[in-house]
Structure formats: structure tokens, C-alpha cells
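Look at the two complexes coming up: subunit A is in both, with subunit B in one and subunit C in the other.
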Partner chain A sequence: MSFLVRTKQKFSRLFKGLFKKKQMRIGIYGPPNAGKTTLSNRIVRDWTGDAVGPVSEIPHETRRARRKEGVTISDEGGNSVTIDIVDTPGVTTKIDYKEFLEYGIDSDEAVVRAREATEGVAEAMHWLREDIDGVIYMLDSTQDPFVQVNIMLIGIIESRELPVIIVANKTDLPDASPSRIKSAFPQHPVISISGLEGTNVEELYEKMIEYFG
Partner chain B sequence: MKMIQGVQIDLISADRLERLTSLEKVRLILEKVMEGNVVVLEKGLSADEQSLLIETTMREITPDGFAGIEMETYSGGSSESHKGGGLFGGIFGKKESPGRLTVIGPANQMKTLKKDKDLISAWVSSR
Partner chain C sequence: MPHKCTKCGREFRDGTTDILKGCPSCGGKKFLYIKPEELHRDILDEKNIEDIIEEKKDSLLEVSNIRNDEPIEIYDRIESIRVLSPGSYELNLEKLSKSDEMVMQMGKDDKYIVDLISMGKVDKSKKKKKKKK
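The block that comes next holds the complex of A and B.
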């Protein structure tokens, strides 16, 4: 192998390394059913044409984190950000396989689902400490934001000094109250959207370019 | 041994907690909670310890066995957790303020766990 080739390889590795570094890994966190997968599918579809994973009203449909690499989001002003999107299972401190039985899933399958969900949450928590560079924290704005898991998770994210955008989702529903979320987390930007209908996602994209760029 | 119906409450002093590493704290808490006890910490866990606790809890869950935890705490608050810590606190990892009084119990026995400004109420059933 000639010196030149080796040097070239070294450089391309170096550049790859640099590029990887620049590509922020953005985790979508939040409680089960907040709409994380719906939003990550929308982001990925809007900017690459693919999808990330299945959406479901059954909690913990996303049992293992899914990621989509190299998603470039840009605005009309020519600003852009390239990110890896990590769709995580809902964050929780408890999982009982019997919950799945209520959705007509048989108990063997429920046990498997619960096991996958626990592994997925453990993994998502681990990544938050190890390799996430920014967070989109999703909340269902028809639900009370002042629950311990949310406060705890936001605290964990803050202690890591990660940039975080809070999304108040499901604004299409009549009892949505994004203002309750804004008052719960005044220290962070809160963007109200309907991930399902796509309402106001442009504002979220703008904020992502500003915050994660 | 004849079982007396009831729930054991373990109050762990700030002194004892201070002598333990993060991993030891998490192990101690889970050991007690998995026995069905309610654990009260005089001084809470740091954010990293909380995340380690959730991760370890998830790894201990089994069907028809341990179903996870319920937890309430008075945290240091986000402005406080940054005070004096800043970037270097983040790098050296030790400066962040731990939460205050914390109650942790087994999810399948803690029927309600509510927090007010100055009162945490737990309703716990025996197994």
C-alpha cells in the first residue's frame, strides 16, 4: 500500500469522524402514546420520503429504539441541520405485561412485548447518558404534564446540558392545553403541534435548525 | 416464618447515602423495593442516579414478579441544579445538586403516590 493511499484513507476516516461528530443524534423522548413515532415518521417522511416505524394506540408499540440517520432539515433561508433521529419507547418506571392483555393480545405475546419494552426503555435511558446530543421531549397536551417521570426526565436531560425542545402534541384535540405545558417547563422552548395532522410542524423544523444546528 | 400483613418502610439517612457510590445506591434501593418495601431517602438521587435507577429497574422487571417502581421526589429544581455546576460540573460530574426527600416503592403495591408542594402521600397495599 503506497504512502499516498494510506494517507488518503486516514484522511477520509478523519473526515468521516468529523462528519459523524457534526451530525447530531437527536432522541425523541416522552411518555408512551405522546405521539413520538407519529412525529418521527413525519420528520423522516417530510425530509427523506421513508418511515421509521409503526404507530399504534397500544402503549409501547415502539419497544426498541429505531433510528434514521442523516436526515437533513432545511429552511427557505438556506439554513439546515443534518441529524440522526432516534425514536425511543415511552419512558416509564413500570411495565406490567397485563396492560397489553386489555388490547386483546394473548398472554405469551404480552410477556414478549413487555420484555422488549423493558429492554427498550433501559436502552433509551442508557443512550441518554452516553450518546444523545439533543432531545425532542414530546408530551400529549391533553394530559397533565406535571407527572414525576416528565419532571425527572427533563431534570436528567438538563443535567446532561443537552439542548431540548419540548413539543406539546395533539393540539387538534378539543381538550388540548399547550399552555399548561408551557407553564410546567418555562425554561425551555415549547412548540405546539399536531403531529397527526402536521399542524405547525414548520415552526418545529425552524426551532430544530436553530437549536440543533 | 409467620408473615405479619403490612408494609415495611425503610428510611435511609443522608449519611448512609453519602457513603455509597451511585451503583450501590441504586442496588440498595431496588433490593428493598423488590422485597415489597417502601424506601424513603433523606437525600434524593442525582439526575444520573435517577436515570441509572430507571435503567436498572427495567432490567429487573419480570412477568408476574417485579413490575417496576413508583417514585416521587422534591427535586433541587432546574435553576438550582445548574448553580455552580455549569459546564465543568457537567464534565466532572459531581457538582449537580441531588434531589431532596424521595419516596420509592413497588409499582404493583403503590396504588397512589401524590405530591403537593410540601407533602408526599403514598397509599400502599400489602402483598
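The block that comes next holds the complex of A and C.
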């Protein structure tokens, strides 16, 4: 009897595996204040009407990875992809509570914020290791892309052989230079957008269908 | 009258208490009085490098100014998180991306905290205990 039970279990697992296609889990990574939450809010709002989390100009506003499951993105040609969007805390190598003091946060709160941000980075790296199938790497195109953390993190993502789309954000700002980001990472597709104003996000959606579909 | 250390030549102003326990620079115990107008004379008529080479019959050694300040030594570090002070952290992304094992360095000296539970979860064969002080 036990043989039959085991065989039945095996088959049912096999069937589950066949019919329940795993959704790609796409992590939005990047340095603090690149606009990761703004973009994930836009993606989620455009396709489900929800929001992911609050946005602020103070670095490390997002200190826990936030996930929105089952976001279906489609284009006019009828192609679509269903993904889980993971908005991650900004990844950096140094977190100092003193930088928050400039934004008018009192020192006790800043210390707590720094601790939470540190936990957040550890959590983001944990997600990257186990649960992420593709990455949208956000960069602020008014900033120099050649900083250690970007090179290091892109290297880590490449070593995991995950598909990457690089987003040069904040093109609405006057000193934005998305071409600098394009030349910094020629091995990956670079899409320049303004997450805040929604400029050119359609191109990103098309790329996401092509890349993560 | 100002004083001068006979050992290293450091000069001190008149009546200073700095020299009571010996010269703060070299520990020398002998001082001589110098005339106020002779104060700083050795610095004032300073020789240039060429003169010194000629005098000492030494060859000129260039000291290169290129500092090897690569912050990328982060790759070799053992700790995942360095807690410099409450609220100031340095994160080793390379280490964090590899495993959940937590090794924390407290402060700038070699004091580590090793989270054994985080290591047990991943792979029991990797279990290590390191504590340095």
C-alpha cells in the first residue's frame, strides 16, 4: 500500500510542478536614493493600482525588502510577463547615522535608522542570494556610476548569472547624464527613465517582457 | 635663556616645564642654554637637499608619492558587518552576498562577534569559532 501512496504523492508533486509555473521574482536593486521605491510604486500602480511603500529624499527610507506578487505587465502586441516585484533597501558599504542628522532627524532616531538600514542591506543581499531571478539595477543618472558599490554589486549579480536591466533614473533633472551610465555598463541593456514623471517607462516595460518573459 | 636638547637638538623656550622629565621627543636628559638670537638658527639657515647630499656623500633617494589607497581590501575581510560605533556601520557586500553567516567586528580593533546560529543554519560542516582580541 505504501508504495501506491508514495507513487501517488510523487505524481501529484510532478503535476503541481508542471502546471504551477513559478513567477519570476524581480529585485529592484541600487544605491540609496536612486529611486527604487518610486519605480516599484510606478510599476505596481500602473499594473495593479496598488503601491509598495513610502518615498522620501532621506537616504534609506526603505529599510525592509517589500514585495508585490503577481504583477502582470503586457505590451500592445499581446506579450506579457507576470512577475513578483521586490523593492529592496539601498545597498551601500557604509552607513553612518550622522548623515541622517542633516535631514533634521534627531540623533536617537538616526541611530535606529542606521541600524535598520544595516539590517536592510543584509536582507537585500540575502534575497539576492536565494530568491531573486532577475534584477533591475537602478542608478541615479546625475551621479557618477563608477563607484565601488555599483561595480561590486553588478559583479555579484553577474556572478549569479541573473538577467540585469540597468535603469538610468532621474532623467528629469537638468544634470542627468544617462549616456555616462550606458558607457559604464555596455554589457547590459540600459534604459533611461524618469521614475517620478513616468517618462520612457514603456520602453522599460517592453524590455522587461523581453528579458524576464 | 632658551634651552636646547643636546641629543636631538629640539629647542624649548625659556623656563618651560616640558623638559623637567626629559626631552619629550627623544627622552634626553641634558640641555644647554642657547642665546635667544641663536634660537631656530639651524632651521633658519636650512640647507637644501643638494648641499646635504654633497656633505654626506650620499645618493639622492626619491620618495615616491603614490599611495596604494585601495579601499577594495574589503574583499579579504572576514567580517560581514563592522560596527564602528553605535549607528555607524561598514558592510562587506561580498561576504553578505555569499552566505548568511554573521561575523561582526566591533570597533576598529580586532574584536569579533561570531553568530554561530547563523552558521549552523547554512552548513554544519562550516561551523567555526573564532574570537580574537
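As a working rule, the second predicted complex is superposed on the first by the 192 of 213 C-alpha atoms of A that agree within 3 Å, B and C clash if a C-alpha of one lies under 4 Å from a C-alpha of the other, contacts with A are read in each partner's own complex, and residues count from 1 in each chain.
In this section, a contact is a pair of C-beta atoms (placed from the backbone, for glycine too) under 8 Å apart; a residue touches a chain by one contact, two chains touch by 3 or more.
Just so you know, these numbers come straight off a predicted model, no measurement behind them.
In the three-chain model built by superposing on subunit A, subunit B clashes with subunit C.
In the superposed pair of complexes, A:Glu158 makes contact with subunit B only, with no contact to subunit C.
Judged by the touch definition given at the top, the superposed model places A:His126 against both subunit B and subunit C. After overlaying the two complexes on the shared chain, residue contacts for A:Gln187 are found with subunit B alone; subunit C is out of touch. When both complexes are overlaid on chain A, the residue A:Gln148 reaches subunit B and subunit C alike. Of the two partner chains placed around the shared chain by superposition, subunit B and subunit C are both touched by A:Asp96. In the superposition on chain A, subunit A positions 91-97, 111, 114-115, 118, 121-122, 125-126, 128-129, 148, 152, 156 are in contact with subunit B in one complex as well as with subunit C in the other.
Residues 91-98, 107, 110-111, 114-115, 118, 121-122, 125-126, 128-129, 148-149, 152-153, 156 of subunit A are the ones touching subunit C in the complex.
On the side of subunit B, the complex with subunit A involves touching residues 46-48, 50-52, 54-59, 61, 63, 67-73, 75, 78-79, 81-82, 85, 87, 90, 96, 99, 107-108, 113, 115. Residues of subunit C that touch subunit A in their complex: 71-72, 74, 80-81, 84, 86-94, 96-100, 102. Chain contact summary for the complex, subunit A toward subunit B: residues 91-97, 111, 114-115, 118-119, 121-122, 125-126, 128-129, 148, 151-152, 154-156, 158-161, 187.
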